[in-house]
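When the chains are written out, they are named A, B and C in that same order, and each has its own residue count from 1.
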Amino acid sequence: MSDASLDLLSFSNPVFDSYAYWGAILVIKCMLMSIWTGYFRFKNHTIVNSEDLKIAEALGHRNVKLNTNDPDVERVRRGHLNDLENILPYLFAGLFYVLTNPSVGVASTLFKLAALARIAHTIVYTVIVIPQPARALTWFIQYFIAIYMAVSVVLYSK
Amino acid sequence: MSDASLDLLSFSNPVFDSYAYWGAILVIKCMLMSIWTGYFRFKNHTIVNSEDLKIAEALGHRNVKLNTNDPDVERVRRGHLNDLENILPYLFAGLFYVLTNPSVGVASTLFKLAALARIAHTIVYTVIVIPQPARALTWFIQYFIAIYMAVSVVLYSK
Amino acid sequence: MSDASLDLLSFSNPVFDSYAYWGAILVIKCMLMSIWTGYFRFKNHTIVNSEDLKIAEALGHRNVKLNTNDPDVERVRRGHLNDLENILPYLFAGLFYVLTNPSVGVASTLFKLAALARIAHTIVYTVIVIPQPARALTWFIQYFIAIYMAVSVVLYSK
């Protein structure tokens, strides 16, 4: 058993490979939310720090306003915070779950599904707003997978 | 030394087992804050995304208002953000700390204490609001453990 | 290859040692933002939870107001949230990157640079506010490193 566990956290373990691949995709997706927020700040002429006024004007931007309440910007920021709340705890649950040595088929399907669900969540929340239950559904898929993995870890340990 | 370190990140290492067990509990606790927020949104008839109005009404909900400032909801959301600020960096510090090969007794006591302190923090902050210093104390216990582990890692490395 | 990967997540691997050292520094830096926020709440007589009023007065504090909109406090809180958005996903990308067995020179330079950039970001954002592009630049250095590591992981896996 000790021997079997030696390779679990390496790319030669297909479960870890899948975890790291989809995990890195989610890291990129999550961090792109900053650019996405910046896009709407630029488009809607809205900034939040007074020291940014000068550089905005130097970039040829007129009528920039200090505003912490622009609807487009706030929507993307809610999407970003939702990522932090759901993706980051999930990546810990996933890491521990890899070490429980789960079946490759189940684990890699779950890692892929969770990542695709979060990408879909961002799209229906901040790109093309689609009526509910689209957002609730994409949120729930990854949420359920995260809870499933965390519970598996709790049951496996001890 | 190299040989001894091979098993550190596996459930056969009791230090890692304790870390992953209490870490998974904290992941679940942290993610349940979303449900807890949803409960107060439902109870107080308050939503934040306009596309959620229709589904709320379809579920038989009258008088739902767009509101980003409901006191109950905001309290739970502050508790959730406080979790992200404290639990997530701590889980990284804990992971690195496991690899410094600490004493089983000390490490597993700290992991358990930190998790129980965060559960208590959520209760006194968002379930039954208890006068200070209850919240400050529960916050501080886990905060101190996180800093202790991170400092241990800094001193151990190099 | 399997053999070579066994030691990657241990302090005897200089790439991991650098990752964990600078990672622990960032965990400490990130968590200190709570103290930094508390300092401005104290200085500006502003609290956010009603149950904190009594303890503030017991500590000899007069004229404490419930206020969720103090400019100094909000600036530090934006800095803190910016840390969560950038440091935490980066620490996952870095962990996976360590397992791709990168060159020690490149990897340890990137880990050091990313950590120093985030420390500088906090200083120019919340300690001594320096005109742009100081903040943008410090933000971008670590952001770019995080994306680079995540892309390396995506390309390495499979």
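Keep this in mind: contacts are C-beta pairs under 8 Å (C-beta built on N, C-alpha and C of every residue); 3 or more make two chains touch, one makes a residue touch a chain.
Keep in mind it's a predicted model, so treat the numbers as computed, not measured.
Two copies of one chain, subunit A and subunit C, form a contact in which under half of the residue numbers belong to both partners. The rotation relating subunit A to subunit B, fitted on Cα atoms, amounts to 120°, rounded to the nearest 5.
Chain geometry summary: the mean Cα position of subunit A and that of subunit C are 17 Å apart.
Counting partner chains per residue, subunit C has residues 6, 9, 81, 84, 88 touching two or more of them. Note for the complex: subunit A touches subunit C at residues 6-7, 9-12, 16-18, 20-21, 23-25, 27-28, 30-31, 33-34, 48-49, 51-52, 54-55, 80-81, 84, 87-88, 91. Those residues of subunit B lying in contact with subunit C across their complex are 1-2, 5-6, 8-9, 75, 78, 81, 84-86, 88-90, 92-93, 96, 99-100, 129-133, 135-136, 143, 146-147, 150-151, 153-154, 156-158.
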